[in-house]
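Several structures are given next for inspection.
Both complexes shown next keep chain A, but they swap its partner, so chain B is in the first and chain C is in the second.
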Partner chain A sequence: MDSHAQPSVVIVGGGIAGLSVAKCLSDNGLSCTLIERENQLGGHVRSWACMATDRCLRCFCCTVEDLIDVVESSERVSVLTGCELESLERPGTNSFRVQVRNATNGDRQPVEAAAVVIAAGFTPYDPSEKVFWGYGVHRGVVTLQELDTLVRRDDLAGFVGESDEPLKMAFFQCVGSRDRSIGADYCSQYCCKAALRMALRLRKDKPDWEITIFYIDLQVAGKFAGSLLSLAEEKQIRLIQGVPGEIVPREDGTLEILREHKGVNVREIYDKIVLSVGQHPLPDVSRLSSLAGLETDRFGFLTAAGTQDPCRTRVDRVYVAGTVGGPKDIEQTVEHAGRTAAAVLADLNGSERTQQ
Partner chain B sequence: MSATTNPDTHDLATVISRRTGGEHLVSCLTCGQCVSRCFLNDGYPDMNPRTLIRKVLMGRGQEMVDSEFIWACTLCGRCTTDCPKELQMDVIIRDLRGAALRQGKAPHRIVEGVETGLKMGNNVGMDSEAFLDTVEWLAEEAEEDVEGLEEGDLAVELDREGADLLYIPNPREYTSTPEMFQSYLKFFHYAKADWTMSSKVFDITNWAYYLGDRESASTMVRTMVDEARRLKVKTLVSTECGHGFKILRKDAERWLGEPLGFEVLGVIELADKWLQEGRLSVAPGALDARVTLHDPCNVGRKLGIFEEPRRVLKTIAAEFVEMWPNRKQSICCGGGGSVGQNTDMAKKRLEHARTKRDQILRTGADTLATCCQNCLSQLGDLQSRYEMPLEVKSVIQMLVEAIEA
Partner chain C sequence: MNQKPAVSLNRDYMPTLPAALVIGDGQSGLLSAKALTDIGIAVTMVKTRPDGRTLHCSAPDFDRQGFEKSLRSVLQEVELVEPQGAVSMRRMGDDFEVRFGARNVRTFGCVFFTSGADMTTVPSDLPEGVAAVSPDRVPAPGTKVAFLLDYISPSSPAAGLTAIRQAIDNAASGGASFVIMKHAPVAHLFGEALYEDAKRAGVEFYRFGETLPTVRPRPTDPSKDSGMCISVVDVVEHGDPVTLEVDRLFYAGAPDASSVMPLAKEVLVNDVDEEGFLLSSSVHCHSGRSFANGVFAVGECTGELDLIRTAAQAAAAAARARSWMVRACARKEAEAVRFTDACIRCMTCLRLCPHNAISFVAGAGRSTVTASAAACEECGVCVSECPRLVLDLVFFPEAAIESFVDEASRIHGSRPVAVYGCQRSPGRAASRIGLPPDVLFLTVPCAGRISESVLWATMAAGVQGILVVGCHHGNCASNNGTDWAEARVTAALEKLGVPTGMQPPVQYASVAANEEARFSRIVRDFCRAVRGETT
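Up next, the complex of A and B:
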């Protein structure tokens, strides 16, 4: 095939969604340009830890390294890290001119494309506005993502200390999710499973820690996710309905909460509290949506064409992949990205046939 | 055509769900965040806001109607601050109280206060003549006491049409704390304000609101609104009062179903504005005090007035220290929402406020300031009950002291 006639696809975002799309398209003979704002590929997942205990817990964190390897070694994928999408023009019905700007040196580079995939991801909720929980004020309160990164770097001791004393750690679920008061009245879909996996992962190395998950109701949908719940029960992870609404710091640095237990208000003390923060839209999602001519939903995620067409958008040849369109866990993100790639392939192959 | 709600024939959950602020009742997630935030959770170990909501939703609301808990609640709203489903506990409690009132189970002292208020226009039963005499006498006394004040400086012409400001006091000022009332007289004098008071409507409070008696509460609001219109003022100024100010500012238009046609300001907002404009002359740090501020639930959490009292205090006092938590997360003084006036709660309200006491003591302040008469009363009682080593003062009182320093 003449390489000049080869349609090229621009993918905005080099996290697992963008990487999955790039792999799938390049596997099918398309060339792609992958634009990533950060200086390295991999997005959030790159800094998260494998949650395997004595068995794989299907967190899918490992997928990111394989994807990076495949994409970086592929001749068909051109990777532009440290770069942002600056403008998107459409000189012809089936062609885009994408202006890419290098964030460090300001250099601009035009890329021609037959399709554009937006896979820009999400931003983790910043819980500091929830003053009652004291994130950023009380030492000992961290987000699940921060804890994940500590485990990944094998630096848990930097947070919990070197002492051998058993620790009491609690997870607070639905932080920044299912919350109408902040415009995020949706389930982030990954935090329950992520917290359960993290609790099990910690249990492996710290058998004497008391680990508690405070939840509203556990969302463990999925073929394999249910087993996390039975594992948690088997491994004596305390699962308690109701999320404490206030964390009160004590003079010795420990954290006091109040909850209801069998109809009576009781106080409990914890050493560390982990806020399982939800997925929120990117802060600059409106810039992206206006550049691409897309719409956002009432939460601020990019809107896809429809429930049965969750990867195409109102703009022909512009697609969404992954969490930029709404919260997902890693497995769902990879699945969604696969569907997006399939839609791109179908549309571009279809137009090729029409041209012939 | 919208269905009307008859409180006697509809279950409580339905009644509450039709209120502004109660519409999300059924969507309660039982997340439990409210449980931790209630300052009554030690006083009532087997009760908490979530349990209350569960009972109402499960058709057991009558248990709550019969409970002491709904009268121990101060309507502070802290439990449902940041509620993921935006429930408003104060709205829910007032409907439960309304049901108790109709069943003859409301506290007598509050019921009588409302009856007096409806009959006399104020809850202390003072007539116009007695009020005029009191105002005149308090003004004269203050003029004599303060160096630099001339005879007639503090005289105020009541019922003056077309004045900029109509000031409505809280009866506490001209009954139990006359020095407080004199502070407001002096405040308006020093600011050279174009102001008046009404000889008929001189009570900003609304105890019917506490009882969940919506009809009487609206009547009381209507009386104040009509008086401001009759006097053709630009602004109705609320004294340092929590619920009275909050109702006029936030609820009155919705209750009456029409625009008020004038502005509602708190005297605390005027103080901040005038101080910043240089209309009041104060030497910075004039008061040699280490002062902390108690955010009143109505003024702070419900109206979002956090910075105004702070700016005033930071200007006039040598040192300002914050309590933790503060502002929207502030802990209630323990005397709001009728608890301070309810003789049945006289002892318990001081026991329930231990968290507040500890929070105050941790600041090491020698002066505790606030901008609500109800909070002032409760905090004063707390001070003497627990012998806290500090003075309790109103922000305006301190401002006037600073001007005179």
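Up next, the complex of A and C:
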């Protein structure tokens, strides 16, 4: 029996955005095919940690588990993991023929689609090129994602050691974001909140650590996010304006930084420094965009139809969802994906009046 | 688009979906109505006020006039109601019974709250003459204007971006612009570029820290103009206070929660956050979704001022509303909670249900209490709190717990530890790790199902200890199921009277679904502690 005989919506990417679209469409009675490159669903979020202290801090990570369960058990969603979009043809105005290729065995499978949603996600910035911070060189410098994975495994000791000595840890914000020199003059929008949550999460277990966040401007607005700032102040997280320009390793393995304070340079020593890396476009975003007939913006994110219609694209029945169209936190991603699903429903329902 | 739709949404389902009620005819209401009609749902809209408040949007490609025109066109497709008298509503099975005044009673499949929250409130300690930033109120060209952000509490980024946009425009018109803030608002794809543009345009930024700026009317002629003097200590320059004298000061703030419609707060009891906005600070209540199934909230009343995000909220909520109504149709005949005749109609269940699933049906002979199978999420809070014990969950009946307790008592010789965990968090975490053989784990739909009587029955079975595990507070899919579980553990311990310093035999813990490693540690530590083993 060919389960793909009836036209479905093809969703490229099984991270939080793709899963949200699949859930929303299948809940509304549509069949979907979800294509994920990795061997399991969930995307980046799958390896991130819970940031709850004495209550949930609304990082939204665990909601991916709900989505995976719903999507995997839905009769209407067929999930193709370990697979990539290979080609996209358009035999009729409102139909697509999508060729899906299994990355392991090379098998190809055609899928008939009535609409295509690109929800392929982002790539975390690799800070190695910023040699002055020494990522990949100094052992004490890690990215926020790497720290997340350690917390997820309940294995902070693997990183900081078993010693009970209080540690000094710093977060550097806007790493690979708001940075014109690398063509990334945009805010990644999730990292301030993520660093504040991580600081609070660490504080729960490590009341005597000295935790500092060096920032340019904290972006903490939004529901509940605003209270992260007052929580941080209450829990004695140091918040310091200005991100130090250099990390110098010392012989004992600690890290030295210089920061300006009231016009003079102050030297500070840290045990660990966490780089809050931003969201960058996927390395193969141009392949995706040319397959789908889309364009990318000056940063490399897929271009949507515009501010008033941020989920449709210039190609009829091709949509974007989530961070492939620009940086977002999880809450915004779910919201954007919900809007994408609504746009697909509207167009397929035929009741859509042309926008603008 | 005149072709036959390639996929018919209604292929498998129901004849027609019921209509939606949108309360509020401001921009958020219009956005909601448009999102609903776009996906084929009929809309009735309630007029709540004559003026439409304007949402913020500073995106460079945004065409406000075109947007407003297309938004107003939706009015031709909705039924507009001007209620005579107060609006009230209650759940009636899967639907909502809404009264517009005394005579007019209607039924809707879902309800959107979009009305309310004043966006133009200025803190009372700022002098008269300070105006709220609004997309509709552009400073007089060529004047000296300042914008104050993050005063007392963080500004809404949408209002902050409008301030920066207006500061640029004012500078371009030959005026002087100052932005006084704690943090530059840049959280939009275009935000950083806008900020850079402002610096290039000559807008001066002042960044304050602990010391709040002070504002007083300009001494020259306070009766005649709205000029202000602002003193600010810049944390980057670390100098003495700078005093700026301007013709006009605009304040970029946040909406005022006290103006949220009382009816909305009444219907969404579980979904009012610490500040008084709709949709609680739970992880499950976002994108317009509330715990009360079938009820949604969009826009300013949720604390959102950003047009792009409100539009996304409206569209996402509309898609969810549609699937809620699809579910309600599919589950018309289903039963999720079983009521027996012993019900005394005390309304405890109706009051406590986190999902607003229970309705009271007044009948000629005997009135009844029933639960909507579509709205019920099987949390079991009602089952555990009913004083007459007349309720039971259909898919997770009392018998399931009884047989678990029987199992525990059969092997009580080995002094097992019983762990009750909800399916959502500990249940998923447990599925990824192996639990020790002397730990008996029962997955329950929600920790809220674990009543005190379940705890006593389990203790009577001779277990060494009971661990009740729910989601973290604020993460429970039924809002307060996990809080109920903790409260019952505390109540049981009080009755047991465990001496201080002794390990209590019953303990509550919370985990997330992705905390399998931590969950395993919690179970291990509890087993050790109740068995008196040292770590």
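The definition used in the following text is that the second predicted complex is superposed on the first by the 343 of 356 C-alpha atoms of A that agree within 3 Å, B and C clash if a C-alpha of one lies under 4 Å from a C-alpha of the other, contacts with A are read in each partner's own complex, and residues count from 1 in each chain.
The rule is short, and it goes like this: contacts are C-beta pairs under 8 Å (C-beta built on N, C-alpha and C of every residue); 3 or more make two chains touch, one makes a residue touch a chain.
Please read these numbers as outputs of a predicted model, since none were measured by experiment.
With the C-alpha superposition on chain A as described, chain C and chain B fit side by side in the combined arrangement.
Using the contact criterion defined above for the overlaid structures, shared-chain residue A:66 touches chain C, although it does not reach chain B.
More residues of chain A are in touch with C than with the other of chain B and chain C. When the two structures are aligned on the shared chain, A:259 is found in touch with chain B, with no touch to chain C.
Applying the stated contact rule after C-alpha superposition, one finds that A:178 touches each of chain B and chain C.
Angle at chain A between chain B and chain C, computed from CA centres in the superposed arrangement: 130 degrees, to the nearest 10. In the superposed pair of complexes, A:223 makes contact with chain C only, with no contact to chain B.
Touch criterion met: A:345 reaches chain C, while chain B stays clear of it.
Once chain A of one complex is fitted onto chain A of the other, the partner contacts of A:241 extend to both chain B and chain C. Remark: least CA distance from chain B to chain C after fitting both complexes onto chain A is 5 Å.
The interface of chain A with chain B overlaps its interface with chain C at residues 178, 180, 185, 216-217, 241-242, 263. Listed in rising order, the residues of chain C touching chain A in the complex are 1, 3-7, 9-13, 35, 37-40, 57, 59, 61-63, 66-67, 70, 153-157, 182-193, 196, 207, 209, 235-236, 238, 273-274, 277, 279, 281-284, 286-287, 302-304, 308-309, 311-313, 315-320, 322-323, 326-327, 424-425, 428, 471-475, 477, 510-515, 517-518, 521. Residues 7-9, 24, 27-31, 48-50, 52, 54-56, 58, 60-66, 69, 93-95, 114, 152-155, 178, 180, 185-187, 189, 216-224, 226-227, 229, 241-242, 262-263, 297, 299, 301, 306-308, 310-311, 326-327, 331-332, 334-339, 341-343, 345-356 of chain A are the ones touching chain C in the complex. By the touch criterion given at the top, residues 24, 29-37, 41-42, 45-46, 48, 50-51, 79, 81-86, 325, 328-329 of chain B touch chain A in their complex.
If you check the complex, the residues on chain A that touch chain B are 130-132, 174, 178-181, 185, 214, 216-217, 241-246, 257-260, 263-265.
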